Every structure is written in structure tokens, then in C-alpha cells.
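I have a structure I would like to understand better, so I am pasting it below and will then ask my questions one at a time.
As written, the chains take the letters A, B and C, and residue 1 is the first residue of each chain.
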């Protein structure tokens, strides 16, 4: 077994006075995928946001290669690629402009070649010049996934990535995810649907209500 | 391109695609200004006396108009989360958004004001003083307004609440901005006022980015 | 059990206030009685202003307490943001309306005091105008803390606002003073009147002390209410 890269121990989070999860622990090694499953409101989004340091956990530690993630937030954030409920696209910018600016705002170097690859992978080449607001929900989700795939971040945090995706798009997502894992990346994915990735470990939330 | 410049460029490009947003703010500025002669009477001496105050107040209100969308648009489409997750300081991101806001709001207002000042019978030198005071003073309005926008992000009645929070904090800038023109009209040197306006801008620059970032992180929780 | 961690500090506060409140209430009433006697009956009428100078005994301490109240909001804000002290948020919610009332009392008494002297209910005096702006800052704090369904968010936003406001207060005071000297002709007297004479000083300080006790009493009482309200909110959400 390869050594764990991400170690989460006894994580607890509270939203609106209510404890959402408590004493949550898991480890993830390179190339591993963790699926977060549970009903709506079970805390999957909260856990992802806590991992991204968007929400401050009440207790527990998160370590990357042994180093406390909360002690060096900027370094940790540079390792993340995030997909939330919302797509994170500007409606008045084209798909290409959206993806380019997203990489620039991550402080990443110029990305034209990676951009073209991501557009092809999610079948967005024909739509690349169209403003994002003219796209359907599924097309926008694909553009958001292209943004994630294009980044060279080792850790993917994805919240319901399969939302609004049709079968070809879901296949494209699985391919991109498999490539990411094969290259040594990690992924934590919240989903209420079946990811369709046989090697995924899963963590169920919301059991102790 | 550094991330800060990329963010400013992105916001400017977004405004460029919707120029109507800027036009509406400038139109409001003109309409609001014109209300005063209509309400008070067109007597030239009165108008030239109240011109500086009226134009400064109208500029203040017009600046506030577009502020409640400053962070709300990013909050609603999910791009605020991406800024919160960016590996460079959030304080700089907040500052960048205020800079972009000033370029499309404060700057045009400062350049448009002298035209309206002519309609109020201001003398040449007073027009220069007015423009200079607005150029130095409106950045402070963008910064204070940005703070109010960040604090009211996602709140109920955010538009009115934003104005309630921002306006008292903008009073010093208003006093010295309009005061610069008054002082010139009394025959004295107005550069002290410009220096005080610049000092106010520096205080705002030194304090608001941190408060804005703290408020934006609250919104992300 | 939901909210158990929350009860730790406020429980201690409860025990403290249960013991302190009766004595504090008694002290406040006595202090106010003595102070009002000194102010209304014992101290002499002013040779210029007559009986109306007695309003000063309410007006000046109200001004001090309004300013101290905002400084308290800023301190509580810092306690909330830096140390995440749960009681700080509740006490800030309790204290803001009390401070705002003192600011309002200051404005109203200032208006009443000015009427016999200048024939109008309001003059744009530097101190009254600064107090008016402080009143608006209070309103902003109160409105912001209650503008969110999530109370924590409202508390923390108001805390940031209080800190930004407290930095601004000296700047606002400075700019309003300057504005006043620019626009007011020199002949208008300051609302403060002549220099404070020793026979007025003692009743003034006594009234200030009595009103300070009243301020503390009101804040403690309201903090208790806020604790109960927050516990109810947590119980409803669970």
C-alpha cells in the first residue's frame, strides 16, 4: 500500500449550531478516489468545504504529507481543484475566456495547450467561443469539469460532478478522472449517484443523526 | 499576467460587454444632480453656492448604486468560491475588485462632474478643484463601499443596508471633497484638502482590504 | 446533545449575573436618586441659561456613554473575531441598542437644551452632528447583526463593522469639527456653554457614574435575554 498523502483525523464541523459530523477520519494515498455518499443535508458539501478550508472545522486535523494543512493555507489551496454546486463560470465570458481566466486567477502559468486538451476531452471545442450564459446546464457543467481537468492540481474536490450530465458527458468525466488518478492525483467526490468507478472507496455521512 | 491584474482585467472585460451598467450609473448621476435646481430654483448665485455639495452628494449616491453587485455577482455564479480558494491573498482580490469598480464608476463620475458644474455656474478654477477632489476622493468611496458590500453579502435588504453602512463612513471624504471647492471659492488654497483626501484614501487602503477579506470569508462559510 | 459546548461560558455568566444583578439594580437606583437630587435641586441655576442648564447633567454623560458604548462594541467585536468567544457576540447584540439609546438621549437633550438659546430645535453644531453620525453607526450595527438568518454570520459581520467604525470615529469627529469651523460664523456659541465650574463638576460626575451603572445593568439584563434567544434558536434548529 502506498503511503497516505492526505490524513484527516477526528474532523468535526458545525453548521448553524448543529453538529454535522464528528470524529471523522480517513486517509488517502496517491491515485485513490474517495466517494462521499449520504442523503441530502448529511454534510457532504460541508466536508468538502472544510477540506478546502472554506469552512473552519470545530475540531480535528488535516495533514498533507504530514504537514498541517491549516498552518499553510495558501500552499494547500494551490494543490486543490474545486468544483462546487455552482459552476463558477462568468456568463458573459466565453468558455475559452472562462477557463483561461480561471487558470490565471490560480496563479498558474499560461495554459493554452492544456486548455485545448480539456476542451477536446469534454467535447467543448465547438462551444469554446460562445458566452457561458448561452449554454445549457449540462454544457456549463462540462465547462466547469474542463476547468478542473485543465488545472494541474493534485487534489480534486468535486461536489456532485455528475449533475445535469448526459451519458457521453459522464463517460468523458470518468475518463478524465481515471487519467487524473493514474497520474498520481487524489480525488474526493460527493455524489448521490453512482460514480461508476469500481476502485472507489466510499465514506458514508449522516449515519448518526 | 499576475493574478491581481487578471482579476481587474476580467472585471473590466465584463463591464465592457455590458456597457449599459455603467451608462445607467452615469445617467443617474446626471438626473439626481438636475433635481436640485428643479427643487431649489435656478437662481445662479444659489446654484453656484450649492454646486460642490450637490455634485459630491450625487457622486456618492451614484457610486453606491453599483456596489451591491460588486461581490454578489461572483457569489451567485460560484466564482467567489474560486477567489476564496486562490493561492494568493484574498485582501488583494478584494482590492482588485474595488480598483475595477473605481475605474468604471468613480473615474467617469469625476470626469463628468465638471460638465454638470458648468450648468451650476461654477468658475473655471472651481471646476478644476471639483474634478481633482473627485479624482482623489472617489477611490475612498469605492473602498468603503466595497467593505459595506462585503459585509452585506447575502443579507436581507442588502441594497438599503449597504447605503446605511457606507454613507456615515463616507462623511469625512464628502466634507473634504466638497470643502476643497468651497475653500477655493473663498480665495484660499485647496491643496490641503486634496492632501487630506489623499490621506483618507491611504487610511482606507490600509484598513479596508483586511476587513473585506474577513467579511468575504464569512460569506464562504 | 446539541449546543452543549455553547452552554459552558454563558452558564458561568448566568451564575455571575444572578448574583450581581440585584445588588447592581439597587446601586443604580440609589445612585440615580442621589445624582438627580444633586442635579435638579442642589446645584445652582446658571446665571446665563437659568434652569435649562440642568439638561447638561443628562446630555453630557449620555454623550460619554454613547461613545464608550461603541468602543465596547469594537472590543467585543475583537473578542469575537480573534478569540471566538461566544458570549462576546451576544453581549454586543445586547449592548448596541443600549448605546444607541444613549446616543438618542444625547441628541434629544441637546435639541431641548439648544431651543431656549437659539430658538430652534436643531443646530448643526459639531458635537451634535458627530453624535448624529455615531447614532447612524449604531443603527448600521444593529441592522447588520439582524440582517442574516444565520445569527453567527450577522454577529461576525457586525463585529467587523464595529472595528471599522471605531477606526473611523476619530476621523469623522475631526472632519465634522473642521466642517463646522468652515461653515459656522464665529458668533455662534458652542453648545457646551461656559467652562465647567466645580460646583457643576461633582453632580456631573455623579450622574455619569449613575448612568454608567444603568448602562451596565441594561446590558447585563439584555445579554441574559440574548442567551435565552440563542438557546431557543439552537433548540429549534436541531
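What we mean here is this: contacts are C-beta pairs under 8 Å (C-beta built on N, C-alpha and C of every residue); 3 or more make two chains touch, one makes a residue touch a chain.
The structure presented is a predicted model; accordingly, all values stated were derived computationally and were not measured.
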| item | value |
| --- | --- |
| Any chain that touches subunit C and subunit B | A |
| Which of A-B and A-C has more C-beta pairs touching across its chains | A-B |
| Inter-chain centre distance, subunit B versus subunit C - centres from mean C-alpha coordinates, in Å | 31 |
| Inter-chain centre distance, subunit A versus subunit B - centres from mean C-alpha coordinates, in Å | 37 |
| Centroid distance [mean C-alpha coordinates] between subunit C and subunit A, Å | 49 |
| Interface hub residues of subunit B, defined as touching at least two other chains | 221 |
| For the subunit B and subunit A complex, residues of the former touching the latter | 1, 3, 6-7, 10, 13-14, 17-18, 76-79, 81-89, 220-221 |
| Residue numbers on subunit A that touch subunit C, as the complex places them | 16-19 |
| Touch list for subunit B against partner subunit C, complex | 147, 151-152, 154-158, 161, 164-165, 167-169, 171-172, 175-176, 179, 182-183, 200, 203, 207-208, 211, 214-215, 218-219, 221 |
| Contact footprint of subunit A on subunit C as seen in their complex | 2-3, 6, 150, 152, 233-234, 237-238 |
| Sites on subunit C touched by subunit B in the complex | 81, 133, 136-137, 139-140, 143-144, 147-148, 153-154, 156-157, 160-161, 163-165, 167-168, 171-172, 174-176, 178-179, 182 |
